[in-house]
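Presented below are the structures under discussion, each in the form of structure tokens.
One chain, subunit A, links the two complexes that follow: it is found with subunit B in the first and with subunit C in the second.
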Partner chain A sequence: MTHTIVPAKVYVGVWAVLIALTFTTVAVSKLELGEYNFIAAMTIAVAKATLVVMFFMHLKQSSSMVRLFVVAGLFWLAIMFVFVLSDYLSRGWQPIGQWW
Partner chain B sequence: MALRPAQRKRTDKEDPLAESEVTLEALHPRELRHHFDTPEQQLESSLLGMWIFLLTEVMFFGGMFGGYTVYRNLYPDAFASTSQYMNVTLGGINTAVLICSSLTMAMAVHSAQLGKNRAIILFLLLTLFLGCVFLGIKYVEYHEKWVDHHIPGPHFQYADARYFHQAQILFFLYFAMTGLHALHMIVGAGLIIALIIMAARHRFSAEWYTPVEMIGLYWHFVDIIWIFLFPLLYLIGHTK
Partner chain C sequence: MNITFEQPKIKESPNYLNIRYGWRSWLLTTDHKRIALLYLFSITAFFMIGGAFAVGMRLNLTSPNGLLFSPETYNKLFTMHGIIMIFFFLIPSIPAVLGNFLIPLMIGARDLAFPRINLLSWYLYIIGGIVAVAAVASGGVDTGWTFYAPFSTTYSNTHVIMTAVAVFVAGFSSILTGLNFIVTIHKMRAPGMTWFRLPLFVWSHYATSIIQVLGTPVVAITIVLLGLERLFHAGIFDPKLGGDPILFQHLFWFYSHPAVYIMILPGMGVISELVTCFSHKTVFGYGFVAFSSVAIAVLSFLVWGHHLFVSGQSMYAGLIFSLLSFMVAVPSAIKVFNWTATMYRGSISYDTPMLYAFGFIGLFTIGGLTGLFLATVAIDVHVTDTYFVVAHFHYTMVGGMVMAYLGGIHFWFPKITGRMYPEGWARFAALVVFVGFNLTFFPQFILGYLGMPRRYATYAPEFQSLNVLSSAGASILGVGYLIPMIYLAWAWNRGPRAPANPWGAKGLEWEKSPSPPPTFNFDEMPVVTENAYNYGAAPGATEAHG
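What follows is the complex of A and B.
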């Protein structure tokens, strides 16, 4: 088929990084960083998800058509979040800046 | 079905249609459906369809993540207080188990690309086993919540009376999100069993292994959902 075959070494390497990042996220959550705890946890989660999508799900080698669809899907997810949060955060129910 | 060269030459002269049949056979390998021009185009269509399905799943889970974000914004202290009742050790182990199962799934697809049928079955069995380990640990966690009366409803109990109602919202979200995730795992396990049966019947080859690749994408997607669920549900307010 079309895919150039990724060597197994790459998969094992990505796996090792994912496991290391899992330990990192647990370790970082034990530090007192205030609101940065949430930011750090989400940054690590996004990094892990990106590794899975790029290497395990082969998006790195996928056609631009597939990539365009993935970006469009994430854009639509962003629309949903922006519209929901712009409603709830602007109601004055809770002071903004406290939510983590 | 391939005709010997000598035979083909003779039929060429006698019947032009016979020649076209031979050409079709050569152009269309067994794996290639006739409405596709090339195997590349056929794979591309499957990949695109699978990604679109997964993106609808992203929106589906996205609604729950949105609900979580809104309520966490409204009741930050109550949500942070629940994390002391989450079993971070079991959650962390489950995260590692899922990442390992993603590796074995990637290796199953890798074996399929190389046409190694026995390796496909071995890696799929490993993936299935790790998936079952995840669900088993999830069962232990759910049982803990049951014993602690942390299941939302008439029997819900919470040590901090101030957060009695608000913590119930978090536990509701916890069960809805992890439950939906576990449901996806169970469906995935069924699909892997189907793949194992197909592999045992030698249905896959280096030329055609599309189902392995598609179920692989699904399995990795379920892993990604857990990658986000773990910090959001287990690690909030973990410092306290």
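What follows is the complex of A and C.
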């Protein structure tokens, strides 16, 4: 098994970007963007998580099998959200009237 | 003149049991076979603790007014019975004992991929178990094993947090075992052991491991949220604090329904091995049986909402969950049909493991088909939280999983210990378990259909005769479980020596490794040149059984 050695400056660079994104999150939260505040915060959070997974957790250098397992984990998370929301979003729906 | 004969002593060849002695050689071992035995003894202890709670419940229910216990104590009895049996017996039973012992042997590996993590998972299990027992000793918990909020987060004044910590810690044991199996099966197969030559036991454990790794973290997080609300009133599940109690049920069952398949899939793997071996015939539709395990694992994550049909979940979500729940029946039925087709025109021998396999197929079919009743929204409304549900899941968990576990323990007992057990006693015990089980749980289907709710210490007088029948059956079932414990303990020390392959079975663990196996399983690296269950080519199989 071979390991690619990542130079320290890559880690420092990623760390700097993560810190910058944290400040961006705080800055965006001060703006009045309505529902876009939430969307902006989540987008930044996803970007940060992606950086951590790709560089600190070495997914960038990993085999396609490891990447497949990561995608499977995210897919399963999506299953949980979609099905829980299928309950929450349809709770207020009115029953269809008699159609026959 | 008296002549005394001394029995010649044959020095046993070195194996994993006699290579080292002393408690350190066990508690610090990284040998998957020894860790499997650590699990075997610990889960047996928890089975007896969980069984003791069941004895208390069944005794209490012999009288409509409750024979022995107050309703508060009864609540704790069924809660602790559920928690101990599910988290500390059923979930680790086949994977952690038989899976641990057999997966490296079956795929031709020296050990699991991460032997130290394997030992760590046993320690986590024991720590969780000790915390659970401490919770019992300090007064118990009364929420039911489901920990439903807001009762668990706000109102119960029993040891919810301590019990939740126990389940949380044991969950990590389960995750680590699953992770170990996945990596081992991917990376450590012997030359020639392709995916489609893997024994079906390995396929079913692979599917189980996927559920363990993907599902268990969710229940861990749910338990953390429960703790946050109970300790710091975080307002996640309790409506008074702005939370939603149905969210707890979603998160809990997102893990706990797939957990049902963590319990049953390894059992199905055992049955596939037993049916082929004792029919002396290759399995019918290998690919279908293998992929049905994976299909069950995937579908198991899409059906949890059938536990929420009457809890306030949207009716439309309920309809979708109902449809998806029906779909799980398809891969389950594929397995049952394939086992039956494997037996068709086979040369069946009625050894003890096969008797348990017969029991499994019949009882699991009843358990599975009554699951379809419960997946039907209209019927579920009628029988929710009744003894019908209790009977249904005991038919799958006890009639299915425990039967498979006992069948597996008997089948691989010669491999594990190097000894044979007394066949007559074993067949008798299998019969007693089957009769006792049905006497215990079949009346509960009727009780539930007639409307007797579960989790009550008292009941209407007209239900007494069926309840007494159920309690009588439970005592027979208890005897059925005690008999194997006694003769297996005896046979371990005194039983006749077992040959390497007493059943004439196929598979690396039988054909390439002695009984008991050496520490690193094989004297030389096995090379696989044929498909699994190639019974047609088994030398001697036709002479012995033809």
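As a working rule, the second predicted complex is superposed on the first by the 91 of 100 C-alpha atoms of A that agree within 3 Å, B and C clash if a C-alpha of one lies under 4 Å from a C-alpha of the other, contacts with A are read in each partner's own complex, and residues count from 1 in each chain.
In this text, a contact is a pair of C-beta atoms (placed from the backbone, for glycine too) under 8 Å apart; a residue touches a chain by one contact, two chains touch by 3 or more.
Computed from a predicted structure; not experimentally measured.
In the three-chain model built by superposing on subunit A, subunit B clashes with subunit C.
Once chain A of one complex is fitted onto chain A of the other, the partner contacts of A:90 are limited to subunit C, with no touch recorded for subunit B.
By the touch criterion defined above, A:63 reaches subunit B but does not reach subunit C.
One of subunit B and subunit C touches more residues of subunit A, and that partner is B. In the superposed pair of complexes, A:5 makes contact with subunit B only, with no contact to subunit C. Of the two partner chains placed by the overlay, neither subunit B nor subunit C lies in contact with A:54.
In the superposed pair of complexes, A:80 makes contact with subunit B and with subunit C alike.
Only one of the stretches 25-33, 97-105, 169-177 or 223-231 in subunit B has C-alpha atoms clashing with subunit C after the fit on chain A, and that stretch is 169-177.
Comparing the two complexes, residues 65, 72-73, 76, 80, 84, 88-89, 93 of subunit A contact subunit B in one case and subunit C in the other. Residues 186, 214, 218, 246-247, 250, 254, 301-302, 304-305, 308, 313-317, 320-321 of subunit C touch subunit A in their complex.
By the touch rule above, subunit B contacts subunit A in their complex via residues 39-40, 43-44, 47-48, 51-52, 55, 58-59, 62-63, 66, 69-70, 72-74, 76, 88, 92, 95-96, 99-100, 102-103, 105-107, 110, 113-114, 206-210, 216-217, 220-221, 223-224, 227-228, 230-232, 235-236, 238-239.
Put simply, subunit A touches subunit B in their complex at residues 1-3, 5-6, 8, 11-12, 14-15, 18-19, 22, 25-26, 29-33, 37-38, 41-42, 44-45, 48-49, 52-53, 55-57, 62-63, 65-66, 69-70, 72-74, 76-77, 80-81, 84-85, 88-89, 93-94, 98-100.
Within the complex formed with subunit C, the subunit A residues making contact are 65, 72-73, 76, 79-80, 83-84, 86-91, 93, 95.
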